[in-house]
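Look for subunit A in each of the two complexes below; its partner is subunit B in the first and subunit C in the second.
Right after this comes the complex of A and B.
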């Protein structure tokens, strides 16, 4: 009886696993096929990967787009981890009457969709461009700034800080650490898993970010990977082999980061639930 | 404390890296306002972008001083960028020239009239096919320089037709009723359906009603015209007949669309001439295709010509507009040789009438059994009835997609269209 139950569960799980993994397999297989074969729905690996890759390098500036995406993503991840963790820590550890009000406002701001903020934000950057063109429209900084920290990330860090043992904090203070010292020498090393989870979330969001970079980055030399992929599909006779190859390349960094930090990610996410 | 210092250093370094990386961007930004540089946005690297590069080349031979930056963006991306910039009133980063699809043009021109630079008088409108001039003008003022035609044709598989006992001659200037009858016979003989369509894209309806000089809106471009639109009613009936007789194959995306005709699954393809390169992509079918005039609507005033898609060039009212106008009028606005290159190198058919006299237009295409398809398409383009596309083509079509499903499910046609009319009127006001 037990065995039948197990077999049943495993077969159901296998079906779901296949369903969720199939798009990835199809993506990788398509990257090795010609465009015509992709449209015909060929599911067997082909021999055109190198050809697709060369065509890709010939048609678009892949490397600059990768570099742009890397700069924006890394800067966003590092900065938002620092800012959000400091904010989340502050919200949980320190006492203030206004704290809860401020935090509620912050949570409410999570409910406003980005599309509604886009036009005012663009206007704002239009004005900034006149004062400081270096961080105005059509600069990598402008693509990065609005996502440098999010209400969600602050919330995430605050929830996790609840698990942080206060005794450690007191011990640090007694041993003569400054408040920042406590944060950097005790809090940060203890909360590694939380940082890992937050890093994955931010990295993925920033790497795949499309709408804001789309409106704010005008020059082709500033384009990021998602914009490049969007352009590849703009033709009325698109080359799906090239598109799939680009998507594989664009997926690699996120996959890599995820697998490297996977162990911490699960632990970090569990922490936020407790 | 050292760690903190190091951290701050790293942050500063990152910010510095970003701003130095972006300084290139700001320079070209300033550059576009420069007297000798213009920027153009367009989509489709194999079509519009190539056409621009040819135009740039032709222009540079006489005007070497002007630098033309061609920037490729997907069409939806251009729409998004334009809407954000124009509605926030920030012209920074906008190009001098932008390509806009004809169906969408009026929504931009009427929503942001001051942002576009009028072209009235800078080119000969009578040299361009009339439906295109209408699509690019508002209140008698020309804003767009017409580019490619979406002139439609009926691409047919001559081998399938032959199996059912038809020749290409039997399909010249037919109406939709005759087309359906032929389709039934072809299906009997070959087992192939007549055509394939995406149920979420009613392009076929647009081509039907435009062949009768009608649109989803009346001539003023704003009055919704669905409930009492006889051409639309008839088009709905024909669509249903195609579905009921199992002559219509459904595909869900572009990918599948190409695969259906490349794989020989359908006997005909009815769409704009821009599909030609995709049809020719399957080289093994060379000699098996022909193009005949688009079917007309039976029993009413309707021609054997219609349009699907097509775009035009618009000049934005930002510094450098004089150069932009000069570039457009000397290339797309008057250069016959350039249009020959569009045909031979890209397969793009323009709407500039004098160009049709050129050699390239008369070339016979072996893929289509030696037919001069370019000259045929440009002949049909001149017959396309002009209509006012108005501002809401795609919004109305979203409503009609639902209406069509209700009609196919058995609801009464008049009721379905009346409801669509009401919905469109409340939604679009």
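Right after this comes the complex of A and C.
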């Protein structure tokens, strides 16, 4: 009886594990095969990875898209972390009734669907274009600006600030540090793991962001990786080898982060329910 | 008199500097939160107010005129909008419960202390979460193509004789979208349940076993009630996510066949950037999502609250 139960549990978990992994295997295997073989349903690794990669570089603007995505993701992550951690720290350390009200209002923004913001934001950046074309429609700055500050990240930093030992603040003040000095010299170095988790959440969201860049980045030279993949995917005569190689390359950064920093990864995800 | 005067000044001085310090501290506190508050105001609340104003206007491009409640009345007679709402609610009602039950089931199985290969199973089932929505959607589009690998495998195992039109049949296209979203998010929800289960005291289960409760009774009478707050949290986040569904539908079916898989977000996108832009009406449709999010969140809170009593 017990053995039957065990076998049952293992087979159910195995089925779920196989379903979860299968698309990855297919994606990786397909990246090493010719497009014709992918269509035929070949599930064995092939020898065409290098060829697919060369075709990819020759026919698709992969490098510019990677550069654009990298610029947007890096800048968004750095700015998000600074702005959100300053705010989360401010709301918790300098707590007051008025600030708590502001905080609650900020939290409401988490319920606002992006689809409702998209049109006014597009019009807003249209107006900005006429004054300052450098940050208006179809610039990398416009693609990142709306997503730099999220209430979620402020909330995340505030929750984690609760666990920050206040004695350290007093010690810093006694040593003659300014309030901002205390934040940068004491809080930031102490909260490294919180920053790591926050960086991962922001990196993932920014690297994978699709709808707003789709709306605002019109010229192909400004396209990011998700836009590139989406365009390749809607092509009428798709080359599966090339597409899957692109997708594998696009997934590598997030996969690397996941496997190297699994603990922070999960901590970041769970941050919202602490 | 002199003595009295000095006393007064001595008593007053520290109070004054205390006040100054308090104001200064207050200002410092506010300055920490200024940038974030301004940014959220500028990129969330200001556009939200703009969308409300827009929703009472109509016209092509930037040539907008106030039309009162016309847009809101139009919603109820617009077949595409009604189709988009029906599709979105279908995804929501079918997909969210399936995913939550699967995630609960997996996490309960994984919570077994004697289980071997636990780390492997957990990582494998969580893995879909590392993919970008666009990337996995494109992969699923090809997996489920009419001559795709899924049909080939089903035919090889003799489960079907004719290929299923996963992407071009109105019914199967919805099924494909639901399978895709479930694949991507089940592991994500599982992680929340797993960590909540680790906080459940094992002695409760031991006691239940002694009382003769079977696995099902343990699941429904202990596990579900203990995890209720986290189940509520995940069902609200999943609901908000599903109501905003865009990337998957855009990249797997483009909303087709016909409008069989079209979502509200995608309809807003089409109204603004694909057809002749009608920003006013698109803003009205976007407020429909806002209202739906509010309604569904209230329902979920109520349902969870009633069980509590």
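Following the convention adopted for this analysis, the second predicted complex is superposed on the first by the 237 of 274 C-alpha atoms of A that agree within 3 Å, B and C clash if a C-alpha of one lies under 4 Å from a C-alpha of the other, contacts with A are read in each partner's own complex, and residues count from 1 in each chain.
By definition in this document, contacts are C-beta pairs under 8 Å (C-beta built on N, C-alpha and C of every residue); 3 or more make two chains touch, one makes a residue touch a chain.
If you're wondering where the values come from, they're calculated on a predicted model, not measured in any experiment.
Superposition of the two complexes onto subunit A shows a clash between subunit B and subunit C. With both structures placed on the common chain, the touch criterion links A:106 to subunit C but leaves subunit B unconnected. Contact with subunit C, but none with subunit B, is seen for A:90 once the two complexes are overlaid on the shared chain. When the shared chain is aligned, no partner comes close enough to touch A:172: not subunit B, not subunit C. Within the superposed three-chain model, A:39 lies in touch with subunit B and with subunit C [touch as defined at top].
By the touch criterion stated above, A:254 is placed in contact with subunit C alone, subunit B being left untouched. When both complexes are overlaid on chain A, the residue A:117 reaches subunit C alone and has no touch with subunit B. Of the two partners subunit B and subunit C, more residues of subunit A are touched by C. Contacts of A:215 after superposition on the shared chain: both subunit B and subunit C are touched. In the superposition on chain A, A:241 makes contact with neither subunit B nor subunit C.
Stretch 277-285 is the one among 25-33, 205-213 or 277-285 where subunit C clashes with subunit B after the superposition on chain A. Touching of subunit A by both subunit B and subunit C, each in its own complex, is seen for residues 38-39, 41, 118-120, 122-123, 211, 214-215, 230, 233-234, 238, 240. Put simply, subunit A touches subunit B in their complex at residues 36, 38-41, 59, 68, 71-72, 74-75, 78-79, 82, 118-120, 122-123, 125-126, 129, 133-142, 144, 180-181, 184-185, 211, 214-222, 227, 230-231, 233-238, 240. Contacts from subunit A toward subunit C in the complex involve residues 9, 12-14, 16-17, 19-21, 23-24, 26-27, 38-39, 41, 43, 83-84, 86-87, 89-91, 93-94, 96, 99, 102, 106, 109, 111-124, 145-146, 148-149, 151, 154, 179, 183, 204, 207-208, 210-211, 214-215, 225-226, 229-230, 232-234, 238, 240, 243-244, 247, 250-251, 254-255, 258, 262, 266, 269-270, 272-273. Interface residues of subunit B, counted against subunit A in their complex, comprise 1, 3-4, 7, 10-11, 14-15, 17-19, 21-26, 28-30, 43-47, 71-77, 80-81, 84-85, 87-90, 92-95, 254-256, 258-259, 262-263, 274-275, 277-278, 281-282. Residues of subunit C that touch subunit A in their complex: 25-26, 28-33, 35-37, 39-40, 43-48, 50-51, 54, 62, 102, 105-106, 109-110, 112, 115, 120-121, 123-128, 130-143, 147, 149, 152-153, 183, 187-188, 191-192, 195, 230, 233, 240, 243-244, 246-247, 250-251, 254, 264-265, 268-269, 272-273, 279, 282-283, 286-287, 289-290, 293-294, 297.
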